[in-house]
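As structure tokens, the structure follows; a few thoughts come after it.
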Amino acid sequence: MTAPVSRRQLLGYGLGAAVMASIAGCASPGSTAVNAAPTIPPAGGKVTLTYWSWLKNLQKVADIWNAKNPNVQVETVWIPASNDGGYQKLFSALAAHSGPDLAQIEMRKLPAFILVNGLVDLSRYGADDHAGRYDPTLWNQVSYNGGVFGIPQDSGPVGFFYQDELLEQVGAEPPETWDDWAALAGELRRAKAYLDCFPLSDPSIFTAYATQSGATWLKTHDDGWSIDMTGDATMRVARFFDNAIKKDLVTTAYEPFSPAWFSAAANGKLASITSASWADALIKGVSGAKGKWRVADMPRWGNAGYGSTYMGGSTAAVLANSQHPHEALQFATWMTTSQEGINTLIEHCGIGWSPCPDIIGESRKGPSEFFSGQSYNEEVFAPAVKQQNPDWTWGPLTQQTFNILSDQFRKQASGGTLVDAVARAEGEIMTAFRQKGLSIRKADHS
Amino acid sequence: MTKHLKYTPWVLMAPFLALFLLTFILPILAAVGSSFTKVRREGLFGEEGIVSEFAWFENYAQALADGGFIASIGRMVLFGLVQVPVMMLLATVLAILLESASARWPGFFRAAYFLPYGIPGVIATILWSFLYVPGLSPIIDAAAVVGIELNFLGPSTVLWSIANIVTWTYTGYNMMIIIAQLKSIPGELYEAARVDGASGWQVAWKIQLPLIRPALVLTTVFSIIGTMQLFAEPQVLSTSSTAIDSQYTPNLSAYTTAFAYNAYNAAAAQAVLIALAAFILSFAFLRLTNRKSV
Amino acid sequence: MTATQTRLDHQPARTRRAAPNSRDRSAGRSKASTIITTGILVVVALYFLVPVYWVVLAATKTTEDLFASNGFWFGSSFNLWTNVVQVLTYDGGVFVRWFANSVLYAGVGAVGATYFAAAGGYALAKYEFRGRNAIFGTVLGGVLVPGTAIALPLFLLFSQLGLANTYWSVLLPSLVSPFGLFLCRIYASASMDTSLMEAARLDGASELRIFHTLGLKILTPALVTVFLFQLVSIWNNYFLPLVMLADSSLYPITLGLNNWSSQVERLPEFYELTTGGVLLSVIPLGIAMIVLQRFWRGGLTEGAVK
């Protein structure tokens, strides 16, 4: 009768070992250091690359490349946009040691993918040779630790979209500074219209304003991250909009491009929106808007900060499990810096602003019939690209940061202030960094 | 023979147990293990080394301090308190009506009610979302004609729109189980009731309800577990309703934490808490019904 | 759980006595009550059928018509055939592939799960051995753990084993049904006479042979229930494949259709694909449910779920 005992013991040992193994193994999926492994040489024969992206009709652009490059064929796969499911799919594929060669990843999300060792450092495949063709501000946002983790694909320089007639009613010109903007908003309130809305549930535009004002929330150091969300540049923006909300100069009742926003814009209740270049396509959805809208430069924070800023923007990144990073890089640079790549991306995919300052795309030149005959791309956005905060760095927890911020912003409705919200969010974000095992400290004000 | 008998049950159970070990026991142990683990990263992204450490209850504290996660559990409790009784009541009434001699075409009705059970939650939600979305929904159009403005997807209504989908899908299934139990009630009991001059109501109340109690208990426990794992319906509906955030249900929250925030350890803690909550709620319900029956 | 369990143990005795559907079950009935009852049943049936009716109509419409015409009647054009062809041919017939995947996952999973649950339940019911109750108790605990709470750690485990994003990652978990084992054990201990097994042993049959001939035969009604239960729950599963699969060619139909429907906002032509796809997937399921509900009822009444 010794058999059962030893069997049970055996089972016990086996189970214990399995548990230990799984605990150790499951600690952090995707922790193989792809960028420490030897580089993969260019393929000899024909290769097929897959590119996961939420751009519609991207295959039409890939087909142009495919026709010219029989040895490097690109297949595109549509995935849900960003946080609507696309990133979840990508992370899950990475954890399963699979996934596409290329994926569309927003600038602000890149570091989250670096954190799980999900991206190939393209500088090891010669990406630096192409650096000169891209907007240096964007190139900075894909560069970390001396590596390059994505090829900028589009961006969103910010301008001031406005309804000409509504501004003329109060005898106003587009505001040059945010103080002018506040005065104009006050006059429009007397005419029962709002100048703009301020979204509490999406902090993207607040972040863009802070960036314009000169803020750089996160900085990288040898020993980790530093954070500064309570410096003058950010507080200036928070105080300004606290005041604007308190005086009812902006509405928080709806979000940009929500059904309520469209109806307010169509009924002359909303005079303008400060948004990125890609908002032009959305504004065209306002009913009866043709010929009524124009675009001007973004208002400035007096003498401080920058002339414009950016919102949105994505990259074509090469994922860790790609067997053909060389070819993937070739395709990505062709797509984003060649005339035909940029033109067809605009034509078929309606992509955002070109990351290549020399080529804005043929269809974006010349006067626009919709925007009252204005050549707004050349007049406003092309110059705006040169007046952006070049120092901004995205951190690895942007989505959490934005969720924390918007949770705090929503307390506005029950009497909180943005100034408090930002300060509190800063503390929570530091906690979140530490929970990820990252080191972060408060930046010293100097 | 004894030797045979000693090994045979293990041989018979081996495939089940092996798979049970792989797909239940190991993941649960792994989840528990990883919920007590945290990582420390050196450098900006951990490029200079990643260390796993024992975290004690840090991940649990984090999950329990997460307002969104706690709110999602509260939301599911509210959902369960309303949706489960409504569905069970509906299923019971339908079962009794179908089993009463007053019903015409019981076969047709039974099939019609049971049909949605075969439609996956995702597809049911896509189907209903067409009836919820303004511009597509004939229901909203019809209500607008008589001057009622319906919004199925607003912050205060969308939870009940989800409840409707769940009720639509599972009522027929629960009804079938109750019907099965009703059919097992011996005919003599009905005879006796008729001799005593009992009305239809009395039969339902005094004979049928007490005898289908076990079926009701079982299906309610399954519904409670089902409520705790609500995922597909809110996830699919979130594309048409801004009122559903990424932490709308506990499961959605765990999914977001794992695959959007990449915080697998925190997600494991959430998964363990979800399982515990389902366990506690099911047991509480069983205890409650047990005590009453004693 | 013990409460249900003891009740379950008592059940089959009463069940067997149950008269097959006595016509006069209700004490009081009249013409009025027939009309009222049937009226209620019709109204409820409308509730259950309206969404299906809507999608049947929607599948006949172009996207333009979908928004322009009344949802409860046909549009100006009859586009059913075009829509169906489009669904079946889009992206190289990926819809057919998803459907086949679903059939594979649900079919293989349900057959395997039923067989394994039968063997396990039979062993637990018919043999005395150490650890029997511990095993049964553990498996019973498995019934109460939400499947989705397991899916996440299972994904992490499978990704370490290199199984994530393969057919196996969905199939393996589908092969286990703790609820099925529970049913089979209850049914086997209630309805299977040990003396039959003894007789077979005297005839020289091996234990495995006894299970495969005698055991499976007697367990059949319970097996039907377990099979149908597992079939439907695999077919309807969404969370597990969502977590496991990144490659859309491995998708079951639930994931595939959701992939289409999430594109409608950007590309309105996906409305036609989604409504057509939903219709095509609902039709076979509807027929299956109508056919299967008979067996379902049979399995339940004669056997187990009480």
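First chain written, first letter: the chains are A, B and C, and each begins at residue 1.
Convention: a contact is a pair of C-beta atoms (placed from the backbone, for glycine too) under 8 Å apart; a residue touches a chain by one contact, two chains touch by 3 or more.
This one's a predicted model, so the numbers in the text were calculated from it and none came from an experiment.
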Please list the single chain whose C-alpha centre lies closest to the global protein C-alpha centre.
-> B
What pair of chains is linked by the most C-beta contacts?
-> B-C
Please report how many Å separate the Cα centroid of subunit B from that of subunit C, as a whole number.
-> 15
Which whole number of Å gives the spacing of the CA centres of subunit A and subunit B?
-> 37
Mind checking the centre-to-centre distance between subunit A and subunit C? Centres are C-alpha means, answer in whole Å.
-> 42
Which subunit C residues touch at least two other chains?
-> 153, 156-157, 243, 262
Shared-contact residues (touching 2 or more other chains) in subunit A | 22, 26, 29, 84, 92
Give the residues of subunit B that touch two or more other chains, as numbers and ranges in rising order.
-> 26, 30, 34, 239, 255, 259, 264, 268
Mind listing the subunit B positions that touch subunit A in their complex?
-> 26, 29-30, 33-34, 37-41, 43-47, 50-52, 58, 62, 67-68, 239, 242, 246, 255-256, 259-266, 268
Within the complex, which stretch of subunit B touches subunit C?
-> 1, 4-6, 8-13, 15-17, 19-20, 22-28, 30-31, 34, 90, 94, 97-105, 108-124, 126-131, 135-139, 141, 168, 171-172, 176-177, 179-181, 183-187, 190, 193-194, 197-200, 202-203, 214-215, 217-218, 221, 225, 228-229, 231-232, 236, 239, 251, 254-255, 258-259, 264, 267-268, 271-272, 274-275, 278-279, 282, 286, 289-290, 293
Subunit C residues touching subunit B - in the complex, by the definition given at the top | 1, 3-4, 7-8, 11, 14-15, 17-19, 21-29, 33-34, 36-38, 40-41, 44-45, 47-52, 54-55, 58, 66-67, 70-72, 116-117, 119-120, 122-124, 126-129, 132, 135, 138-139, 142, 144-150, 152-154, 156-157, 172-173, 175-176, 178, 181, 201, 206-208, 211, 232, 235-239, 243, 253-255, 257-258, 261-262, 265, 274-275, 278, 281-282, 285-286, 288-290, 293, 296-297, 300-301, 305-306
Provide the residue numbers of subunit A that touch subunit B in the complex, in ascending order.
-> 18-19, 22-24, 26-29, 31, 33, 35, 83-84, 87-88, 91-92, 111-112, 114-117, 144-145, 220, 224-225, 258, 396-397, 399-400, 403, 407, 435-439
Touching residues (chain side subunit C, partner subunit A) in the complex | 130, 153, 155-160, 162, 164-165, 243-244, 246-248, 259, 262-263, 266-267
